[in-house]
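So the structure is just underneath, and the comments pick up after that.
Chain lettering (A, B and C) follows the sequence in which the chains are written, and residue indices restart at 1 in each chain.
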């Protein structure tokens, strides 16, 4: 349903986030010369990478009309798992990475399984997994950070390739893969269908549960990538890492135009959402703004983005 | 009786450059039932949305009770007394009938200024009000327990209780039984006598001539004419709407009948239907008729696996098959176009193109990747084959008219190349022109050798198009009539048996 | 569906019963004599330092032959008060509390004193005066850290301070101590201060951003805990600035000691978890038995640098 107020703003919403992002970047570039430098941009890219990875995962989930609150816990579990096998001179680098990824995959699949089999809303299931995951991370690590990791493992989060920080390379790769999944594969198309109108998707012969299983599993896998990256970046597996990450990731997806009611959303939008969050917290640090104000600004941007989006949305 | 209550002049509205309404006018008098006719896409919905303030016109005037309306916000307009009974009924299921009727006006009804509710008072007033209106509904039960028709009555009651002087009814009979229709008409006549004007939108010709005093026709967003109902007959009205004469609505069945494709033996589902046995040949159209609640849709949903049967067997090409989900049905070559287009038909957020290929996506793929070129080619072919009126394959499906949405849904199912096609009320909410096209399409599909099952509650339609007609009564199959022996009377007889 | 529900209920019930059993106290008697029971509520068992204190308390309790019941307040003062309430209800002989908050945990102290049960605050304070306090003065720790920077920079240079969670007792006191020293040394300029929320990853990002802002202008960074200090070190190493910037933090957790050994972290300040834990139990036992005890035990901080590192490595 379109009304006169919103129709005036039609069209802004589609490009609104991108526009807002460009404007904010320009303003920052003008207000501090330190913002628009190669090293600072690399810096932002690295800082954004983990949140963006999680946000990609949760974008899939939100598009199908679900939600995943267990992201942050999955980061902790997979990080601790990977760290336990990443001490120097124990296993080759592939082992901790593989084990971390399998851990994320398993928790994601667990989410998917419970959601599809029990019909309990994803909000509740993943809320449970969130707590379970946090507990698992503490159990696996005995409540203490796992440090003394091998150099090759620490390269993942701290190394450079052709002068580009490795996390940025992972981010870019993940972005292209996720975009391809969403836009170019049958699975991606079915995600939109399931989130847009689940009964109609089922009636079209789509295996709705199958799609949901995939989505939560992929989300778990991406969280694991984030968890390994974080562990490697801070060179410790911390059981209390990643607390609240799920909210930042969901915020990035929403700022990027993913509708919480399902059926719409893009990876590009989510990437911009994550970058926007990263740029703002980076620049507020550069301008030495107290963290109190940072939180206020961030909240205002989330609300602003959604308001802009709903005004621009063509609901007719 | 002749006093004008509402006048609209020179109304124009464009969407992204395309004129949805072009210089439209309408004059409504007190106490008349004014039918607004036109094919889907003629601009009726846009017109009504402007009238109730959901949309802003580009230009034009709305004069209500002698005053030009300037502030046309929804709340302002409903305060003035223009109400719309929507096609999709807007109610709050967990509240009672009484609470729904007076929703938003609790303060004045309770007689309390301080914000405390007086539910007792609300219930008493609502009961009184419903009795006055001659509606037999308990004001104290929750909305969710009511039938569609009863909910509609409550909506009307709500409008009237709000002192509505103009009530817009958009397809009010699309989901209610004949008996309920007569109750509705009695209430409309009652409202008329109280001076309330009704703008009545429907595709059902018989209803229009039964209930309306005046008829205004729109076509392609333009005003065509306003006439007294008595001056018109069905054919002349259709001619005005379509812009040409349609002499024979139903094309003659010409398809050759081949071997048996689908056969169903003693299908049953507890509380829904029992002992259903029939067969459909290639190229044959089997009509299924029966009153509301006779189990028509339930049988279709059982065969398609949406809600599988408890017992009985289904054969495809002589081979017994088990169907547990729509996915199974699709794999055996069964296609289903649901009566509930919005819920089961399409994905509102997706484009025409993506909806069309949704059920047959693997045909347009290389590995797990979608081949966009191949997909687009197939989609363009479907759009032209089915004559879907759209600005392009990337248009959102929700922006299409009802008839064109229906074509998209049919197209989606056809793309799976079904051997058996079940059409459940394929022309519901579809205008005359598009109806005719859908009939032709069904016939063509039969010629191609598809076995077709068509469920319809419109008797002329089912008589006109079916080779054989299966009649249901309360979940039991009472007759299978051949085309030559079937008549409206005979079908009715078996329906109420 | 119903059956499933039933099974899950049975499962849950059995899990709960199982947990309960393992908690059942063995206190009653071993050799006939009644064992003293001490209840302890800890700020957060996810915090390494707190876990260390708790481990020492456990060891000391064993040594003295008293039973120790330890519960985790999970950083919630409300929970902590409730836990103390249930200790009182259980009739423990003494309570050790590692307070979550200065104000909000105070009611617990009053409750215990009203019930005539001695309560010992360990590590941090509450506004209400407990039976005894065992801990260290956080203001002092920051003074030690800042003085080290003063000494290293010769009283001149640009310093950045990374705070913990704003408003927590430790942050407020460490801020106070650091600012005192800065005031006394006008040659030192505080370039920037910001919260790293006690978190290593946050600290790392924050430092990366500071490097963008100030680069080589920075001479020293004081992080209010080791977790953050290690994050700072990581960021500086990545930027190739570690050799030019002095980093000091507080707590002397094992990771930080390793970093001091490697020379990446210049210094940390040792807060003696061992002594805090054992002293707290000692005092609790004395108070319970009605013996004499110290009202306030302040355990001194010690600066840890490469030179004296071996004393602290286990």
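Everything that follows uses one rule, which is that a contact is a pair of C-beta atoms (placed from the backbone, for glycine too) under 8 Å apart; a residue touches a chain by one contact, two chains touch by 3 or more.
Note that the structure is predicted; figures quoted are calculated from it, not measured.
Interchain contacts link the chains end to end along an open line, per the touch definition above.
Relative to chain A, the most remote chain by averaged C-alpha coordinates is B.
When every chain is reduced to the mean of its C-alpha atoms, the one closest to the centre of the whole protein set is A. Chain pair with the most C-beta contact pairs: A-B. Look at where the CA atoms of chain A average out and do the same for chain C: the two points lie 32 Å apart. In this assembly, the C-alpha centroid of chain B lies 68 Å from the C-alpha centroid of chain C.
Centre-to-centre, using mean CA coordinates, chain A is 42 Å away from chain B.
Contact with two or more other chains is made by no residue of chain B. For chain C, no residue reaches two or more other chains under the stated contact definition. Shown for chain A are the residues that touch two or more other chains, of which there are none. For chain A in complex with chain B, the residues that touch the partner chain are 1-4, 7, 180, 184-187, 189-190, 192-193, 195-197, 199-207, 263-264, 314, 316.
Chain A meets chain C in the complex at residues 32, 34-35, 37, 39-40, 43, 46-47, 118, 138, 143-145, 147-148, 158, 230, 233-236, 238-241, 281-282, 285-286, 288, 290-292.
The touching residues of chain B, when paired with chain A in their complex, are 15, 49, 53-56, 74, 304, 306, 325-327, 329-331, 336, 338, 343-350, 354, 358-359, 361-362, 365, 368-370, 396, 398-399, 412, 416. Chain C contributes residues 4, 45-46, 48, 51, 166, 192, 194-195, 197, 200-201, 204-206, 208-213, 230-231, 234, 238, 254-255, 258 to its touches with chain A in the complex.
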